[in-house]
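Pasting in a structure now, in structure tokens, and then I'll have a few things to ask.
Labels run A, B, C and D following the written order; every chain starts at residue 1.
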Amino acid sequence: MLTIVDSAAQAVEPITDGSTVMIGGFGVAGQPVELIDALIEQGATDLTVVNNNAGNGDVGLAKLIQLGRVRKIICSFPRQSDSYHFDAKYHAGEIELEVVPQGNLAERIRAAGAGIGAFYTPTGYGTPLAEGKETRELDGKMQILEFPITADFSLTKALTADKAGNLVYRKTARNFGPIMAAAARTSIVQVSDVVERGALDPEVVVTPGIYVDTVVSIPDPAVGHA
Amino acid sequence: MLTIVDSAAQAVEPITDGSTVMIGGFGVAGQPVELIDALIEQGATDLTVVNNNAGNGDVGLAKLIQLGRVRKIICSFPRQSDSYHFDAKYHAGEIELEVVPQGNLAERIRAAGAGIGAFYTPTGYGTPLAEGKETRELDGKMQILEFPITADFSLTKALTADKAGNLVYRKTARNFGPIMAAAARTSIVQVSDVVERGALDPEVVVTPGIYVDTVVSIPDPAVGHA
Amino acid sequence: MTSMTKDAALTPEQLAEVVAADIPAGAYVNLGIGQPTLVSNYLTPEDDVTLHTENGMLGMGGEAHGDEVDPDLINAGKIPVKETDGCSYFHHADSFAMMRGGHLDCCVLGAFQVDRAGNLANWHTGKPDAIPAVGGAMDLATGAKQTFVMMTLTAKNGQAKLVENCTMPLTGVGCVSRVYTDQAVFLIEGDGRVVVRETFGCDFEAVQELVPFPLERSE
Amino acid sequence: MTSMTKDAALTPEQLAEVVAADIPAGAYVNLGIGQPTLVSNYLTPEDDVTLHTENGMLGMGGEAHGDEVDPDLINAGKIPVKETDGCSYFHHADSFAMMRGGHLDCCVLGAFQVDRAGNLANWHTGKPDAIPAVGGAMDLATGAKQTFVMMTLTAKNGQAKLVENCTMPLTGVGCVSRVYTDQAVFLIEGDGRVVVRETFGCDFEAVQELVPFPLERSE
């Protein structure tokens, strides 16, 4: 059932040590900056984070990593020009890394939300990222077996929520939002605006309210870090 | 690449004997009535049809079955009060039936469009519909292995197409349209209206044009049979 | 809840009211075709229950009549329905992903048989010449967080439909958590125990006499 | 196409023009990060090519500058871009389903190595201390109907990047159909044969001297 809270701090309050947290965003688009900042403030540690990257510069996810609060990261592209906090932790053996092809990452997150126990995909077959995975020839192609990525919490950003929890997004900021909200046991979403039921056209809802647990309105969100 | 044709007859012209044809619609909503009628007229036979049902009354899919043009039907719910043409063919051993739980039907169609080689699902485990299927315990639940349903053609109905082939639907008439268009090698769509590129808001496009091969404008489509 | 005895076996409408009272406020619910749809008549706006229909809608409203009928807006039973404020539409794979991913708090289904292990048979009588037709029943039974069954306790031949082991083809394995019947409400505990929560128009002993395995009394 | 010799090895821009000329009208295409993005400069509106960016857009327009920049509208290289008429947005799973389901007619990728079997290595140098990072490369390489590679024929050390067997970690198996280099265009036939379609600033023999397995001449 949907809860609309007053602050990002309230929204992230339930996150406990040891949680798996999905964090939306791709590049500067769709990053839930205020929710991540609230999580930094909140103090939960020993986290497993699911994100496309492993943080940039000295803020946001990079800050969380720098603070030693992330035990493991599951992502497709950790190495970036300014991912130095991740790089340092990784080379020091202080953070666990699971690199996943971006499409497998997306499909595994979708699978968690959709109740799919596992699926076969050709992506990654014959590469180091398939080492140790089950393989099988299907439809004339060698494929590997991939499993869902579940999470305790997701932190994502949308444009507008209605009071039924329905969400719409903006342009390429949509990215991981819908699938992470569906995959996480508790989905926490920051939006620029909360409107009444009936104010969103039911044809254009991207994330139905059933996937949304907590909404916080952040009217003027900061642009993501990248 | 998108072709916009002038008539339903032209749209279904490429369908050959022995084809697998997905037909959209659930109940009266979303049935591509004019495309089905054109297929009846066109004459292709020995068809495998994928639909939620097996036809009603004496028209549409029921007519196609009555005419002996359907070799096999893959559906979730063939038995209805007025599915007498299917019933007769079935009891006479003149049509092959594969009954699939509706969610497995939808997910298998999606898998075909999404390049998933196979997937595990709990739905159907322990039931007659899982007989002979591979099983595996995943996430504490017994699951069965299901394979994609591919098709040569799909016949579906949308509300509006733009000239890039992008589609929007109307209410519960959306149903199988998006996943069938993505799954079929050639997707044929009837719409009430074709508009210029840029006339559809890119945020509300449901089926991106990449999935659409043939569009025909049927301004005043008949309501489906059910 | 303590065991209680109502004066008579319940009508379907009365039973629907009992089920409705057990649906938590704010829940997302799918009501199966037939008797379970009656439950919606006893849900109030204050309950804030959101109805799902598997053909692709959340926030389904009541039946549409007359001018309200729109052939593009029907439910899984193919009945014209209405919108509610805050509803949304999605395609079939997204709709079933919602069901199968465990997002529905509850579904209410009819049944031919339920057994003490919570196995459900509601799609096929098992007659060899019957044409099989399943629809979304298996997805609902297996996917919802809780599956409630609503049925008469006995079939027309007087045999209990709550049985030791289902003899009809299964819809789902161990999926039923509660069985609402005209004569009693049963809690399926998952370990083979079945508790009679309350009875209607009869007592525990009368129910036990009908059901062919040992039942437990509610505490 | 008959084998021909241009006067000099191609600049990246010239090579991009060669690739662009080979993309069929009406195609849906994904251009990888780096050199492949140059190809878009040589596609004309008449080509009616639709660009996909894996973060969730079809119909991507050119780079945005100044006031056009919108932080919510970026491409897979995280560069601000523009819309085109007829574009659409979708989420990451839908975007990758599009790639993985074989709907893109073509993708153009950079490479460290390609071998005669069409195996591609473009994501990891294999150095033991390198942090692995793959992004969407494996999905593109494996999912597109055709994978074109665009690279220099030789690495900085003078070694050919078209090899008998890739020694670097693979991105995809047997996925490359054509290799566009500054010195020649190679057709990967899938049966181990590699045909030199054309050369730039050199002849077949010069290319053969660089490549450590027998090449075939174009007919």
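The criterion applied here is as follows: contacts are C-beta pairs under 8 Å (C-beta built on N, C-alpha and C of every residue); 3 or more make two chains touch, one makes a residue touch a chain.
Heads up on the chains, UniProt names are A, B = 3-oxoacid CoA-transferase subunit A; C, D = 3-oxoacid CoA-transferase subunit B.
Predicted, not measured: the structure shown is a model, and the values here were computed from it.
Asker: Tally the contacting C-beta pairs at the A-C interface and at the A-D interface, and name the larger one.
Answerer: A-D
Asker: How many angstrom lie between the CA centroids of chain A and chain C, rounded to a whole number?
Answerer: 35
Asker: Please compute the C-alpha centroid of chain B, do the same for chain C, then give the distance between them in whole Å.
Answerer: For chain B versus chain C, the centre distance works out to 29 Å.
Asker: Starting from the mean Cα coordinates of chain C and chain D, work out the distance between those two points in Å.
Answerer: Each chain reduced to its C-alpha mean, chain C and chain D end up 55 Å apart.
Asker: Indicate the residues of chain A shared as contacts by at least two other chains.
Answerer: Touching at least two other chains: 107, 110, 114-116, 121-122, 169-171, 202-203.
Asker: Counting only residues that touch at least 2 other chains, which ones in chain C make the list?
Answerer: In chain C, 57, 89-90, 97, 99-100, 143 touch at least two other chains.
Asker: How are the chains arranged in terms of who touches whom: line, ring, star, complete or other?
Answerer: Its topology fits none of the listed shapes; call it other.
Asker: Go through the chains and record each pair that touches.
Answerer: A-B, A-C, A-D, B-C, B-D
Asker: Inside the complex, what are the residues of chain D that reach chain A?
Answerer: Where chain D meets chain A, its residues are 53-57, 70-75, 78, 89-93, 95-97, 99-100, 119, 124, 129-139, 142-143, 169-173.
Asker: Which positions of chain D touch chain B when the two form their complex?
Answerer: Against chain B, the touching part of chain D is residues 25-28, 48, 50, 52, 57-59, 83-90, 97-104, 143.
Asker: For a test of understanding, state which residues of chain B touch chain D in their complex under the given definition.
Answerer: By the definition above, chain B touches chain D via 1-2, 110, 112-116, 162-164, 166, 182, 196-198, 200, 202-203, 205, 208-211.
Asker: Can you list the chain A residues touching chain D in their complex?
Answerer: Per the stated touch rule, the residues are 26-30, 76-80, 86-87, 90-91, 97, 99-104, 106-107, 109-110, 121-129, 142, 169-179, 206, 223-224, 226.
Asker: Under the touch definition given earlier, write down the residues of chain A that touch chain B in their complex.
Answerer: That would be residues 107, 111, 114-122, 136, 138-139, 141, 143, 147-148, 168-171, 201-204 of chain A.
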